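Pasting in a structure now, in structure tokens, and then I'll have a few things to ask.
Per-chain residue numbering starts at 1, and chain names A, B and C are given in the order in which the chains are listed.
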Amino acid sequence: MNIAIVVNVVIEGVLTGLIYGLMALGLSVIFGVVRVVNFAHGEFAVVAMYAAYLLFVNFGLDPIVSLFPIAAVFFFVGYALQTVLINRFVDRSEHEQFILLVGLAIVIVNGLLMIFGPDARPTNLPYSFDSYAIGPLFVDKARVYAAVGALVVAAALFAFFRYTSIGTAIRACADNRTGAAVVGLNIKRLYALTFGLGLACVGAAGALMVPIADASPLLSQAFTLLAFTIVIVGGLGSMAGALIGGVVIGVSEALASFFMAPSMKSMVSFALLVAVLVLRPQGLMGRRI
Amino acid sequence: MKDLWSAIPRRGRVILLVAITLLLAAPMVLDRYLISIFVLIFYFAYVGQAWNLMMGFAGQLSLGHALYAGLGGYVAALLWFYFGIGPWLGVFAGVAVAATFGAVIGWLGFRFGIEGVYFALLTIAFAEFTRIAFDNMAFTGGAGGLFLLYDAQRSHEWWNLRGGPLLFYYLGLALAAAAAILTARLARSRIGFQWLAVREDQQAALALGINVFRVKMIAVLISSGMTAIGGVLIAFYYNNLFPAQAFDIGRSIEIILAPVIGGLGTIFGPIVGAFILTPLGEGLIALTVSLGVNVPGAKAVFYGLTLMAIITLRPDGVWPWLKRLLGLTETES
Amino acid sequence: MTSILDVDGVTKRFRGVLAVDQVTFGVEAGAIFAVIGPNGAGKTTLFNTIAGVFAPDTGSISFSGRQIDGLPPNEICARGIARTFQIVRPFPALSVEDNVIVGALLHLRDVGAARERARALLRRLDLFGKRNQRAANLTLPDRKRLEVARALATEPRLLLLDEVMAGLRPTEIDRMVTTLRDINRESGVTILLIEHVMRAVMALAERVLVLDHGTAIAQGAPEAIVRDPAVVQSYLGQSSLGIEAV
């Protein structure tokens, strides 16, 4: 066994995992504040992939660039969705919220299927096949760009929550909804902002996914489950946990595809999910209540 | 039986008798295509009832019920395929295997306090895990699928579920009716009340001496076993099984549609839901085909929108509303 | 003079904070026994420890001479200790009658028999006319009565009542007091109540235990308790203890 190959696989897993982590970050933020589980999360990621694909094919826009307009549009979509629909569900029972978003997921994935058909759409960037050679290691350029992009967006989100007054208000709202309402914060608007931010995250992540995966409706459910797995492994509501969980899942899937078979990589994530649910339900980074 | 019958208001009994008579006689006038739609209606009413038992009554959200249907179908089909063991025996093996999986999932979930959405994810994880495992197992046919040969010589062997649509029509009808009666019986029994108590408030249920773990385990065992029987029916009806379909999360969602739309925790909800949804979906396909714009996904988009509309506007489902409309609600004193 | 419940040196701490500290007392069979004390005195923790929500850190609890500490709540209930919740928790979507049937089904297998028992109890607690209403639609006093009916349906020998008077108007308190006293006399069920409403404690309890900061500071007949200097001290500025009672 060549150690260099294994190291290469691990690096690839870390880079992919950071993009996964950004996607999961969106889910985690939405859950942490709005307390609604976005079961259509992966579906939104795939919509963003198609958007990035179309922007590249029609206007030659690199996904690293197009992630900004995509994230902006997704923010408004999320804001509108929360205002019009999901705010009516925040006080409903968990299974009703869940079924609403399952319905939304079905509509999105099959809408994509109607528009684009089941075939995968590859985006052939000029640097798609370039890689950095570091000693015996070869790292895909596209993957590095995408991972750096994911880190930048995640850092911006961290900064927003820590240093802006709206970010602080949202955190207050997550900690204590009643208290936040008492001090006069507009909860529904903060929820809408949060859902918008969560979708902006997943929009950016979807765009960044394009250099390393071909857009296909069939990815949606896998992405949703992946995002849930990451968030639960990392700890629901923990922002750092989402990124770390992303890397954990990215690396374990990369190793599983390498040592077992690519078709079996998800089995490792699911095994990890079950193990975390049973042994450490608060996740790796979460606090026990 | 007698107490169940007498609990139905007079007008309801008339409607029920007429409906049953019509369904028994319908195959005389239905063509092959319409019969196939009714088979699907009965199938979804049946498995929907099984899921309803667990979610609507015991309050445990499973999004992995395709696992139990798939396991039931695969086990019975494999026994038939390799050993010629008929499905009437195979169904017992299928139920046993599915219930074992149900027991493992239930034990993990209920023993370790995995609840609500987390429990739903646990059920999804097991279904997906099994799908991938079946994709990679040679003796089940792998991802390429398992095919039951249709032998014209044996097409009269109805006892081996070898027969035409009519056989499956009546079998499906019998199963759907049996599931409704079973659910009604359970709902009026001790365990039924205990399920409702657990669904409403686990702490209060514990304080009333209910062994919450045991009560939930019974729900998952009955529900998974029942679902497996539906899986056997549908496997021998279609004569083929693919892991990507049988265990798919999409299939699990299909199973929950009828009870959610019809009305969770009601006896007639899954039936009403199946009678509304399946014909509408199939009708939509027929319409798009006849217009020459057959787009894959249209039916599912329609299902998704229906699901969203119902859960937003009428979260109790269609049946409670329909019941009032038909004047079937008992007047409360 | 046989005690049905023996609490012996029970201690319970949460993250290092002593909620209940070395509490010892016994409740005689058939008696009405009250636990009082200022807010945060550890009453509800003590109560939850008896009901099996937590196991005590040290000490033991016996019911009818058999040790019960560490058993889960459903086992404790099955042995004959029923409870109500301070913040009432009826099964909201079920009818009033079905709520009580759930309790009655602990020892009865047959739903018909359970229904009969439930109806008898609903008559007893003046809820019979409301038996087909959804529990969620009841007023607070009715919900409190429903909690009592549901607990009694499990045929307990000891009934734990966690502030069943809280939030009730004086006339409703008197009604509840009468009901509880009658039930105690007719069925012989022992009652252990946690109560803030001194008016009810004075009217009902034969013995009173006073908790303060987790420790038992006094125990005795209610008339003696309200004159106990330690008790008056702990209540100073807290409530109108005694003023109405003495």
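Everything that follows uses one rule, which is that a residue touches a chain if its C-beta (ideal position, glycine included) is under 8 Å from a C-beta of that chain, and two chains touch if they have at least 3 such contacts.
Just so you know, these numbers come straight off a predicted model, no measurement behind them.
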item: Arrangement of touching chains [line / ring / star / complete / other]; value: line
item: Comparison of B-C and A-B by number of C-beta pairs in contact, larger one; value: A-B
item: Between chain C and chain A, distance of the C-alpha-averaged centres to the nearest whole Å; value: 50
item: Cα-centroid distance, chain B relative to chain C, in whole angstrom; value: 44
item: Intercentroid distance (Cα basis), chain B paired with chain A, Å; value: 33
item: Chain B residues counted as touching two or more neighbouring chains; value: none
item: Chain B-touching residues of chain C, taken from the complex the two chains share; value: 51, 72-74, 77-78, 82-83, 85, 89-94, 98, 101-103, 105-106, 109-111, 114, 132-133, 150-151, 153-154
item: Chain A residues touching chain B - in the complex, by the definition given at the top; value: 37, 85, 88-89, 92, 94-96, 98-100, 102-107, 109-114, 117-118, 217, 221, 225, 228-229, 232, 261, 263-264, 266-267, 270-271, 273-274, 277-278, 281
item: Chain C-touching residues of chain B, taken from the complex the two chains share; value: 188-190, 193-194, 196-197, 200-201, 203-212, 332-333
item: Touching residues on chain B, where the partner in the complex is chain A; value: 55, 61, 63, 108, 112-114, 116-118, 120-122, 124-126, 128-129, 132-133, 135-136, 143, 249-250, 253, 256, 260, 295-298, 300-301, 303-308, 311-312, 315
